[in-house]
Every structure is written in structure tokens, then in C-alpha cells.
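Note sheet for the following structure.
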Amino acid sequence: MTSFLQNLVNAFQWGSFYALIALGYSMVYGVLMLFNFAHGDIFMVGAYIGFFVSSAMLAAAAMFSIALPGWLVLTLTIILAMFLTSFVGMLVERIGYRPLRGAPRASAAITGLMIGIILETGNLAIFGAQRVSFPALIESATYNLGGVYITNKKILIVFCSLLLMFLLHQFVQRTKWGMAMRAMAYDYVVVPLMGVPINTIAALTFGLGSALAAAAGILFGLAYPVLDPYMGILFGWKAFVAAILGGRGSILGAALAGFLLGFIEIFVAAIFPSTLRDLIAYSIILLILTFRPHGFFGEAYSARLRL
Amino acid sequence: MAESNPTPSKTKSPFKLRWQKFWGVFSEVPLIGWLIGILAAVVLEQLVGALFARLVGLSKIPVLFGFVIVLGRPRLIPGTLIYLLTIYALPIGIITLVGKSLTNKLAGMLAKIPVWVSALIHLALLYLILHYWADISDYRDLVLRLTLIAIMLTLSLNIVNGYLGEFSCSHPGFMALGAYAASVLSVVFFVQDKVFGPPILPPAAGPFIFPIILILAGLVAAVGALLVAIPSFRTRGDYLAIISLAFMFIIKSLIENLEIFGGPRGFMDQPNWASLPIVFIWAMLCIWTINNFVTSTMGKALNAVRDEETAANAMSVNTRRTKMIGFMFAAFWAGIAGGLFAHVMRYVNPGTFGIQKLAEVLAMVYFGGLNSVVGSIVGAVGFNLMSEALRPLELYKWIIIPLLLILVMLYRPSGLIAFKEFNIAKILRPKNTKDDEVEDGTTAD
Amino acid sequence: MALLQIEKMTHFFGGLRAVHDYNLEIVPGQIRGLIGPNGAGKTTIFNLITGIYTPTEGRIEFEGTNLIGKQPYEVASLGLGRTFQNLRLWRHMTVLEHVIQARYSKLTYGLAGALLDTPKRREQEEESRKIAYELLDLVGAKKFADQVVINLPYGAQRRVELARALAINPKLLFLDEPTAGMNPEELAQIMGTIRQIHKELDLTIFLIEHRMKFVMELCDIIQTLVFGEVIAEGTPEEIQNNPEVVEAYLGKEIET
């Protein structure tokens, strides 16, 4: 039982990353009807920006002999990195996707793939082959709750993810721009005709999604400090699967599916030899898709890729 | 798929006119003229290439038309240019331009014999060119073989992503199935191996059974494709995309867990049967069968299902069968390409068949052009050439190539040569006739 | 024997009853009409018969063969053709290719022929071309044969769609609003074409229409459908004089 709970805790943490990244995919997919395959790499960029920002802050603090508490640095890092990475996302949209707005969606998908490769290569060019290590901002503290070991980091990660998801939900449900995004998810063609500036919505959607991915990146760096340029690939594609599993345009679905994927991976790895993890996890997903081909909350709407 | 008869544009800049006139001369050279010219060039390279290279200051014959040299060691650029001009441009230029009327006459004579005989003659010439060109170095031989395999892969992916209009991510999986199936069959039956023991059949018979092994490998991949084809009956587009993605992960993970096939460390000892002539023949078979398929009504049904499935159904097109054939046929050739790949590299490991390979094949298909046999050939060759030529740039290769692809996507979203049909008779005929509207049964570009 | 026989067909979309107790008997050679206000369920009936939906209740028999549960392409192969209200053409194909494509079920050269370009395939493809040209000639669209279909004017596209449906060699042809979007001149032309194919190809026709003049002049028997139920069935004179029909439908329509 304790091992089950232990795994549950780990699954929550692991699933948080998938959920946050999947949200970005799902928003772009829901509002703009396209997939941004560079999204996983934006997660990576966010982590690196976080590394850069926090290292700079710590260095500056050391230079001026100010003692900055770790949690303050972390909070500032997250906020700043989210802000900066959102610009990266908006730039990607501006360069890669806006010119292709009328084009077949598959072409935009390929463009996204290519942008992702450029981001990875750019990273390699800047940092070289050596991996960077995210600075340790929080002292690890482990709590023992009846045999289940929970670290403060895990709590922080899950808490932050849920908080961000809540904030996103509030934004989408209660603000004018959020309403515009929801409207576009319903009817992509008509809403711009009603005076809603599609360029702004697109930039906003990408910006929000990228900010969430950046947060995921920093939280990831907190738990697994060693970063590498290709860290976004696998996460990206798996989060993509989660976004679709959650159903077209459903933010709640994406979050749930992200957590579900996390659960599946952790529990499968706990029960079976770890090499079988992907095999079983994806077989389960295939099974889910066979019985619910439109995901959890997707309408029965076959999105066709028009050539 | 013809467009309404193109009328020449009435307003053109003088520069464009001069440019067109210059190349216009070349447009009157028949294919056989080009082939003879290029053959002369590679034979010349065989005979005097090494000597001439040293004469112009190069230590050896430039392996890839000098791209590698130009980017790595700029001081050798003048020498390389002279080499290229003399060994390549000169013979080709002379034979195509000076021999224009002769080659056109030859093409005219060939047009009178059955198309398939003429096509075989052209293919033989093409093979000779590749043979002599590759003979210069092992590197060339390898690049050529891998490029031919890339053509097969790209063509097969185009069937699903282009003609059938799905976004399928399962191709690395099909390739993996074929690669491993072929490897296991070869090794079990014909090779002395640590895991599988002595060969069951005499190794000398191997090369003759190799085609059967490849076909079996293709069939294994085709059966695997059912896992993606059957869901495609109920769902399309994005959901099918992740089903195919899940399929790819599953296959990769499956292989990684099969210790008997080497697991993540890979599988080796494949015999050296995938020589250039073998790969060439399979590639030509691939092009031929796929082109036959997509020009038939049965093949065009893929387009009908893609563009308006409901109407296709109402017009008696068996949409389920069409989708199944599309996926399985594509997987079949991907499997054969995988089998050939395994025997060229003489080593496979599951890591080869993951996201990276997926990005590669997708790039080749979309770069070259969707729904087009010519497009896939161009895409595969172009991508591979670029990939090899830009090697000296190391890391920056992977900034330039993606940028190039993005540019192509921006200006030609369906690829460089999309939706164009391949008419063999039209390609082979003499080019000095004014009549450009010769049709030959099937509608053509 | 009735060509098409439908008994007590009812269909629900979730909780919404779209068609209720629909009966139909079409005799070979007839031209039948189905009229009714928008949303009455006319196209749904077409979709139910041709196999796009499976009716919740009822019996459908075509030449004695049960249609329920069959895939649309099986229904089409049996000889039931249709056109669509919104055309549904194949964007990248030429006119000729459209008509040839509908010959799919008549081709027997199989995968071998498709992959290996056998003489049998060449023969059958050539025959398809010939038949396609003939059909295009019949509907008056032959001159567009090599053009990509989306480049054509709307009237020509409608003709192509008609030729395409004819290529499956149907015994019964469903026409879903064949005159939608046409001007009076095109209307007269299409009426003539329909009469011509009816005679020359020995067709039985069942059409959905809104234009009263068109329906009254062409059809032998007309059904009026309102909210999924047939409220009247009879000859054009009977329908025109039926007070229920007049009230539910005709009275509010602006005559063309």
C-alpha cells in the first residue's frame, strides 16, 4: 500500500510536467487548429532560460553580497522565465505559423518540426556538448507520512502546476481575451469576422502555452537538475499524445490526460521491468483510443488534414 | 492531373526571357541525350579523374561534386571548379548541345519500340552511370545506396501522407519491422551467428533467396500496418496521427525488449548482399509499382477518400479496402527499404527508428512534394545530398536544412513538386518537336 | 416488382426523431419527387437508404436485397447512385477522372493489375475512359474533360457530379437538389438532361427539390415530408391541391 501511495506521489509529479506541456499543445490545437511540434523544444528553452536567469540572479547577488533566499530566486525565476519564454513562443508563431495560416495544416506541422530542430541546434551551438546544471535553489527536505516519502520539491512541483492550471482556467473563463480564445475554438472562421483580431489571439495562445511550458521546464530542472538540449523531444511528443487523448480543444482534458500519462508511466515502470515502460504505456493508450477514438472530451468531430 | 492548358505568360521581364532562352536550349535535349552525356562524364572521371584532380591541386577526386571541399577548405575552390567544369560540365555540355539532333533522332527511334523496352534501355544507362560514379569511392557507393533507399522510404510515406492524406507517424515502425524481419531471416538461415547458431541453409544460396527475404520483410511490415489501418476506418486526421505515433513507440519499445534480437544494443552480422545493383533494382521496382498504382483508378481512389470520403463511398469506392491497401502497400515498401537498409549498414538498432527518423522521412516527403512520385524522388535525393554536402558545417547543417525546409513550406506548402503525375512515355520521347501535347493514354502533367 | 421498397423506416439521432414511419415504393421507370421544408429530413432519408446512417427501425429492400447494414459503397455497387446537395467534388481531380473514379466497383484487375500495369488493367482503364467520355457527352460537359474540376463554373460542376453518379451504372438514381443555385436557363437545361438520361439510360429517378415548377413538371409521384413524416403522396395535381401541403409548405414558398 505504501509503495502504491509512493508511486502515486511520484506519478503526480511526473504527470505535472506532461500536463503543463500538454496544456500548451491543447490550447494551440483548440484555438488555432494546428499542432506546434516545436512546443517540446520550447519546454527545453524555458528550462534553459530559467537556468540562465537564476544563475544570473545568484551571480549578481554574490557580487553585491546580498543573500537571496532560494524560494525568492525560484519564484522570480519562474515568473521571469515564463515571461521571456512566452516571447519565444510568440516569435515562433510570428515566423513559422502566421505566414502559413491559409496553408494545409500538415505544412505548418512540418514547419514546427523544423523550428524545433533549429532550437535544439541553436542550444547546442550556444552551450556546446556539455550539459548545464540547474542551480539548487531549494534545500531538499523529505517528509515521511506513514512510510511514504514526499520531498518538498515534489509538493512544490505539484502545487505550482495546479496553481498555474487554475490561473489559466480563470483566465480562459473570465477574461475578455479568454472568451475570445474559447470562441475561436468553436468556430475558427467566423470569429475573426466578428472583429476579434486573430493575430493577437494567436500570439496570446502561443505566449500562454509557452509560458506554461517554461514553468514546466523550470520545475523539471528543480527535480532533475541536469539539462540537455534534447530533453524536450520525448516530453514534447508524449505531451502531444496526451493533448489529443484529452480531446480536441479541451483544456481540462489535456491536463487530465497529462496526469494520466504520468500515472501510466510511473505505475507501469513500478510493476513491470522498466524497459517495458513505453511498450505497455503506449499499448494502453492505443487501447483507450480504440474505444474512445475522439479522446476524453473531444466532440465527435473528425479533424481532417486538408491538402 | 492536368491543369487547363497553360498559356504562355504574356508579360515577362527581359531577364527572365534571356534566362528562359538559355535554358530553353537545354529543354530540347531528350532524356537519352542527358544520360549519354552524364555517362561520358563519369567514364571520363574513371579514366583520368584521379590524374586530373592532382593536376588542379586536389589530393583526390572530389567525392560529392566538391561540396565538401568548398565548405571545408576554401583554398581548393578554384581547383574544384576547374575539375567540375572539365570532367562534368564539358562532356555533358558537348554531348547535349552539340549532339542534340543526334540524340533526338535516337530518342525518336526509341519511341518506335515498345515503351517498356525503351525504358529498360534508359534504366540500364542510368545504372551504368551510377555504377561508374560509385566505383570511385566507397563513400559514394554508400551515399548512393542510402539515397536509393531514402527514395523508397519517401515514396512509400507519400502514399499515406500524400495520396491518402493522413498524417502518419508510423513509418519508422514499418521500416523497423522490415529491417529486423529481414535481418533475422538472413542471419538465421544463412549466417553463423552467436545467438542463432549455424546457418540452416548453405550461405552461398543466400543472395538468391535475398529477394524472398525482402518480400517477407515487406509483408511483415504490411501486417503490422493493420494496427494503424483498422483504426483509420473509424477515425481520421489528428487522432490517427497519434495512433500511428503510439504504434511507432510500441514497435521501438518492443524491439528494445527482445533480447534475442539484441535489444537496445542492436543486431548485426547481416550478410553483405545489398550491393548497388540490388538496391538499384529494388528502388526501380518500387518507383515502377508505386507509379503504376497511383495512376490507376484503384490508386486514385486514395485521393477520392482523402478529398471527399462520403462521395467516394457513394461512387462505389470501397473506402475501407482503399485505406487498408494504402497503409499496407506503403508499409510493404517501407519494410523492404528497412530490410535493404539493414543489409547495407550490416547493423540495426532500435534507436534508428525513432523520432529522428520520423522527422527525416516527413521532411523528405513534404520537401519534395505531396502526392507526387517525382516529388518524392526529388525530395529524397535533394535532402540526402544536402545532408551529405553540408556535413563539413557540422552543427550548422541542422540550422540550414530546417531553415531551407521552412522556406519551402512558406512558398510551396505542399512541397516543391506536388500533385504532379509521372508519364514515362512522355519523359522518354524526343524533345525537339514543337508538339508538346502528346498524350499517352493516361492524363499527364 | 418494386425497385426500391421501404417499410416503416424510423430514425433517431440521439433523442431527436428525424424520420418517422417512412414508406416508399418505387417502380422501375418512375421519376419520384420528395419535397418539404428545410430540415424536414429529406437528405436524411437519402443518407439512410444509401447506407450513411443505419435506420433505427424499418426495412429497406432494393430489388429484393436488404440494404440495412450495408456499407455505402456496397449500396452503390448494387446500382443505387446519388448526387449531393453540396456537390462534394474531389478538389484535385479533373472532370474525366471524377467520372472514371465512379467505375471503381466495375474494375476487376485487382492489386496485381494496379501494381504491374497488366494488359487487363490497360483494357479496363481504357474502357472506363470511353464510358466516361460518353457520359460527359450525355450531360453536356465533355469539353471540360481535362480541366481540374474546381476551376469550373458551378453549373458545369453540377453536370460533372451528375455524370459521376451515372458512371456507377445505376438502376436507381437519387438526385439531391439538382437545381440548387441555378438560373432559369440552367434549370431548363438540367431538366432536359434529366429527362434525357431517364430515357436513354433507362433510369429510375428519385429527387429532392425545392423548386415547385421543376418537381411538378418532372415527377410522376411526389411525397411531401414535414418534420420527418410524409403528410401527402400523390401525383403533382393531387399534391398541388392538397390543403395540408399547401398550408405546410407551398403557401409560404415564393414561386420561381
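Note that the chains take the letters A, B and C in the order they are written out, and that residue 1 is the start of every chain.
As a working rule, a residue touches a chain if its C-beta (ideal position, glycine included) is under 8 Å from a C-beta of that chain, and two chains touch if they have at least 3 such contacts.
Predicted model only: the values in this text are computed from it and were never measured.
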| item | value |
| --- | --- |
| Target subunit C, source subunit B, minimum contact steps | 1 |
| Chain separated most widely from subunit C, comparing mean CA positions | A |
| Centre-to-centre distance between subunit C and subunit B (centres being mean Cα positions), rounded to whole Å | 44 |
| Distance between the centres, which are taken as Cα means, of subunit B and subunit A, whole angstrom | 37 |
| Centroid distance [mean C-alpha coordinates] between subunit C and subunit A, Å | 50 |
| For subunit C, residues that touch 2 or more chains besides their own | 92 |
| Multi-partner residues of subunit A (each touching 2 or more other chains) | 307 |
| Contacts with two or more other chains, residues of subunit B listed in rising order | 307, 371 |
| Partner subunit B, residues of subunit C touching it in the complex | 50-52, 71-73, 76-77, 81-82, 84, 88-94, 96-97, 100-107, 109, 111, 113-117, 121-122, 125-126, 128, 146-148, 151, 164-165, 167-168 |
| Subunit B-facing residues of subunit A, complex | 29, 35, 96, 99-100, 103-104, 106-111, 113-115, 117-118, 120-122, 124-125, 233-234, 237, 240-241, 244-245, 248, 273, 275-279, 282-283, 285-286, 289-290, 293-295, 302-305, 307 |
| Subunit B to subunit C touching residues, read off their complex | 1-5, 289, 292-293, 296-301, 303-304, 307-308, 310-320, 325, 371, 419, 441-443 |
| Subunit B - residues contacting subunit A, complex | 161-162, 165-167, 227, 231, 234-239, 241-243, 245-247, 249-250, 252-254, 256-257, 263-264, 306-307, 355, 359, 362-363, 366, 370-371, 395-396, 398-399, 402-403, 405-406, 409-410, 413-414 |
